[in-house]
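Heads up, the next two complexes both have subunit A, just with different partners, subunit B and then subunit C.
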Partner chain A sequence: MAARQDDGVLTVGRSRIGTIFANTGGVLFALVMIFPVYWVLNTAFKPRDEVMSFEPYFLPAHPTLDNFVSAIKAENFLSGLVNGLIITGLAVAAALVVGFLAALAIARFNFYGRRAIIMIILCVQLVPLLALLIPLFLMLQGWELTNSLIGVALVYLVLLLPYTVWTLRGFIAGIPKELDEAAMIDGCTRPQVFWRIILPLTGPGLVATAVYGFIQAWNEFIIINTLNSPAKQNLMAWLLQNQTERGTAWGPLMAGAIITSLPVVIFFLLIQRNIATGLTAGAVKG
Partner chain B sequence: MRHGKYPFIIGFLVVPLALYLVFVVGAYLQMFQLSLTDWSGFGGFNYIGVDNFVKLWDDPVFWVALRHNIYILIAMPIVTIAFALFFAFLLNVGGKSRGGVTQGVWGSKVYRVIFFFPQLLALAIVAVIFGRVFGSDRSGMLNGLFPDSWSPWLFLADERWALACIGIVLVWQQIGFYVVLFSAGMGSIGQEIYEAAALDGATKVTLFFRITLPLLWDTLQVAWVYLGIAAFDCFALVNIMSVNKGGPDNATQVLSYQIYLNAFQNSQAGYASAIGVVLFFLTLTFAALTLRVTRRDAVNA
Partner chain C sequence: MTAVDSPTTRPQAAGGVTVQKPAAQRPSRRRRHDALVPWLLTLPTLLVLALLLGRPLYRMIVLSFQNMRLRELLTGVAPPWVGFEQYQKALTDSTFWGVVGRTAAFTVVSVTVSVLAGLAVALLMRRVHRRVRLAMMIAMMFVWALPQLVAAQAFVWLTDSDFGVLNYLIDKIPGVDYANHSWFVNPWQGWTLITVLVVWAGIPFLAISLSAGLTQVPKELLEAATVDGATAWQALRNITLPILKPLLTIVTTLSVIWNFGLFTQVWVFRSGHPEPYFQTLATYSYTQAFGQSRYSYGSAIAVITVLLMLGVMVFYIRQMFKIGEVD
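For the complex of A and B:
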């Protein structure tokens, strides 16, 4: 309980036991969190007989890249990779452009209906995706956009927009309006203010939003599974297809899972420092 | 300001609003329309009034699914937030106090990355992996830890535990994000506040309940809304992990999966749309209640 003096350093009572407890808890929790990731890696590098064995191998006895080779050679894997990149790229790029402009309008102008638009953005985030699957399918079918990469990218754009607008709005609102005014006094037109002042200052926000959008679109599989045939699907759909069809080929499946997760992990490591800021910006700047 | 602002506003908002009108409003209107029909998913349909909703009312599977949704809606956010708060606290203030400054446990920067990892694995991958973790024979990871004589736990094949297994995966998948979120929130609480409280002789427990929790309240509310949404939409895990399509014996049935099954497997798209309408109003009610109860004044920029 009592704070005490200890070599001139103030410590909180029972700190030693507390520290041991805290560290043990942290390590245990980290193990639980990381175990599945370890298992994926372990399985992916094991030869087939070690995967199938009941004998637990905590590390591959004979590490091999065979699983990766057979994953890449598997049907629809490479097409899934390319499809995923195209769809995600289109959706994220479009969401950033459309979202940035919309966020500008909401953050920088006061106008009739602004509150309504903000409410709409918040509500769209609440929409349960599955409820919209049937009408979306019908709509895209009507425009002959089922089994097409454009159709899926369009749906992803709609799904990414609310988060994009909301987060960017937070970032833009954080830029002092005085900057705009100063620039305009110096002779900038309004579009120049947006282009030369707000856009560069929103840079970190754009990166964070793009990464988050990438993860969302890259990992999506319900919509693409429903709208498109296997040749036009992404790697997530490929994984599920192979899980049900081949049941026990865990080695190649996990190798495929690693390749599938790689872009996301790389992006994450690149912006790791800023991720908490990016994720919370929309929430905190309420 | 001086120049006309409306050209900008209209120009900037016309695309997102058009997308919203077509893909969200339009889609919902169509769903409402279809919920009044006997459409199978192919060909034509007839309007049958509210027959689908009458059928829904009498459908025991619907009520089971709804009950499971409510269980998850209550339990999952509480468990996730409790664990995430605890670990965020450990990471930020759980360690030694040095010069009156409380620190996180040793290696807290590493933990922060580790905790975020599940967030990076796609839900599809997570579901496939946990299907293996909860394997119901000795090839399952958990059962494999025990000797041969062990009679294996059934996990997902046991109707008493199947939903709990899926709940555990939901929590596992979500928790890292909230540890990071709460850590960010705790990081913004001034050190001098902790310092002052520690000087007054406050224990770690007191610090948590008297300082951290009240100051994090806003962040907690945001977390609650996000978790609620995730709870309504646990389609992916049920779809991949459940035994026998939401089984065994509908033990893991949820509303979103009912929509999917009826629309794309049972050729009852009209009926599925009716469930969609119910889910829509449930989500809306949840959102309205949460926004009202938490009274987060998000609308004022």
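For the complex of A and C:
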């Protein structure tokens, strides 16, 4: 009883049968939710005849890594991996540098136009980039940046920037202003305050934001699929291509899906505590 | 368990000591200089947004008043100005209205189901054993972490007509023949599947956010209400929901914005060629532009889409200001 209360779970007026029902429901929910994820894993380790079976194998009878080998050996896999890393790296680095400065201004300065800038950042976050794809495509074509990694990286920069500014603003605002002021009384200049206090203390926030940006950019495939030819695409677009071209080779496709989502899933699980912050922060008082 | 903790709301050390603002004593030259600093800092962001977001936005609007086709794209000839012709074409086309109605209906249904399911799961998480709650969290985290494309492909495979495990399981129900059943012949069935996928993928964000919000409901209040004879439903309606309302509003608004822009799930389920009755505003605009080379018509549809969503966006932003997150 006492241990139960420590969980913050209400104990008054709760029947035993109700609790059993709730626990059963919870377990069932977890199983149903995870099942598609399990099925991806299960399929990826099955040989072809077990994938293409009218009586599905709920566990691989003869587990194999063949599907992973054939995914890696498939056309454009390696280029997709390298392209994805380059594009994501460029976009995340640019978004962090550019976004950090703006976040600093919004979090630390009280200036005329600040509210307007916040409004712009919030609005921009909601604009569906897909709606802008037509003019973006035409603009990049005008600059001869279609079918190039730089062009996609530029589009991804816009995709990441609003969120980056918004999240970093939160992290910087979390550092007590008194710290800046104390340092300035001790003779620090503004740039010194930035380098010695704000930047080191925002470190974890920068990492979390970078990781979230990586996830966003890594997962994108519609824009890159529209702007670039298969050799200049990332792994997500490669995966989409694989589905439409070899629709029935589910084993290799699921293996490819695992390889493609592995970095994202790992990163996501590492920073999951921060993910929802930028969207609902303030509504949840910690 | 606080799944969502906000770095912005960390309690600030309230020392009671008032720090004298050194700025008050500084010479005015420094202050004038200070006024410029924030603008210099935001300048790069504003430039990027203007160039890569403001400009395309402007060009999208211009494009929607022109008639840009493949010929203009290839030759670089300026497309002819046609005024409101594209809009007129869309607004008098029953296909377009079908797309609008379908997108709106899907948004209403999927958001209602997702939010209710998310709330139910969040409430359930408060009642279950610690280990069960952990299992629920882990399952949801994996679903949330899965890229949209991969999740959609997983569902395509699960519902495959010949070897899909879903048909196999349904077929097991006595008297039901679902062997080789194709889910996308009947639009209602296809849309049910798309909705299930969207709800499944949306539950983690909703349930975890809402369950973090539920920790803010004072336990004493609920206990007092129970002691006074309130039923569970009354306690939920009169205590929990009012406290949860601001958060509920935000997550619902976000879900509306996301689901209204439905693209990936349809695109993947229909292998990049959605039939007319599976088109949403996002896929319709895209296929018109990049499939049919009707760039102007696609732009006009995109403009209408953004206008339709504007009300929801304004609401979201007002809500963010109201909650005080933006200060």
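Please note the rule applied: the second predicted complex is superposed on the first by the 256 of 286 C-alpha atoms of A that agree within 3 Å, B and C clash if a C-alpha of one lies under 4 Å from a C-alpha of the other, contacts with A are read in each partner's own complex, and residues count from 1 in each chain.
Everything below uses one rule, namely that a residue touches a chain if its C-beta (ideal position, glycine included) is under 8 Å from a C-beta of that chain, and two chains touch if they have at least 3 such contacts.
No experiment lies behind these values; they were computed from the predicted model shown.
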Inset, instruction - Label the relationship between subunit B and subunit C on subunit A in the superposed model as either fit or clash. - result: clash
Inset, instruction - Check the residue A:28 against both partner chains and state whether it touches subunit B (first), subunit C (second), both, or neither. - result: neither
Inset, instruction - Figure out whether A:179 sits in contact with subunit B (first) or subunit C (second), or with both, or with neither. - result: neither
Inset, instruction - Using the superposition on chain A described above, determine whether A:65 touches subunit B (first), subunit C (second), both, or neither. - result: neither
Inset, instruction - Check the residue A:165 against both partner chains and state whether it touches subunit B (first), subunit C (second), both, or neither. - result: both
Inset, instruction - Figure out whether A:231 sits in contact with subunit B (first) or subunit C (second), or with both, or with neither. - result: neither
Inset, instruction - Considering only the touch criterion stated at the top, classify A:51 as touching first (subunit B), second (subunit C), both, or neither. - result: second
Inset, instruction - Based on the superposed arrangement, let me know which partner A:262 touches: subunit B (first), subunit C (second), both, or neither? - result: neither
Inset, instruction - Residue by residue on subunit A, keep only those touching subunit B in one complex and subunit C in the other, then list them. - result: 9-10, 12-14, 18-19, 22-23, 25-26, 29-30, 33-34, 36-37, 39-40, 54, 56, 98-99, 101-102, 104-106, 109, 111, 115, 117-120, 122-124, 126-128, 130-136, 138-139, 154-155, 157-158, 161, 165, 173, 181, 184, 190, 218-219, 221-222, 226, 236, 239-240, 243, 250, 253, 257, 260-261, 264-265, 268, 272, 275-277, 279-280, 283-284, 286
Legend entry - subunit A - residues contacting subunit B, complex: 1-3, 9-15, 18-19, 22-23, 25-26, 29-30, 32-34, 36-37, 39-40, 54, 56, 98-99, 101-102, 104-107, 109, 111, 115, 117-120, 122-136, 138-139, 154-155, 157-158, 161, 165, 169, 173, 181, 184, 190, 215, 218-219, 221-222, 226, 236, 239-240, 243, 250, 253, 257, 260-261, 264-265, 268, 272, 275-277, 279-280, 283-284, 286
Inset, instruction - Can you check the complex and tell me which residues of subunit C touch subunit A? - result: 2-10, 12-13, 15, 19, 21-22, 34-35, 37-39, 41-42, 44-46, 48-49, 52-53, 55-57, 59-60, 63, 68, 73, 121, 124-130, 132-133, 135-136, 138-151, 153-158, 160, 162-163, 165, 168, 179, 200, 203-205, 208-209, 212-213, 215-216, 219, 222-223, 226-227, 232, 246-247, 250-251, 254, 257, 261, 263-264, 267-268, 271-272, 282, 285-286, 289-290, 295, 298-299, 302-303, 305-306, 309, 313, 316-317, 320, 323-326
Legend entry - Residue ranges of subunit A in contact with subunit C within the complex: 7-10, 12-14, 18-19, 22-23, 25-27, 29-31, 33-34, 36-37, 39-40, 43, 51-56, 97-99, 101-102, 104-106, 108-109, 111-115, 117-124, 126-128, 130-139, 141, 154-155, 157-158, 161-162, 165, 170-171, 173-174, 176, 178, 181-182, 184-185, 190, 205, 218-219, 221-222, 226, 236, 239-240, 243-244, 247, 250, 253-254, 257, 260-261, 264-265, 268-269, 272-277, 279-286
Legend entry - Interfacial residue positions of subunit B with respect to subunit A in the complex: 1, 3, 5-6, 8-9, 11-13, 15-17, 19-20, 22-24, 26-28, 30-31, 34, 41, 86-87, 90-91, 94-100, 102, 105-108, 110-111, 113-126, 128-133, 138-139, 141, 144-145, 172, 175-177, 180-181, 183-185, 187, 198-199, 201-204, 218-219, 222, 225, 229, 232-233, 235-236, 239-240, 256-257, 259-260, 263-264, 269, 272-273, 276-277, 279-280, 283-284, 286-287, 296-301
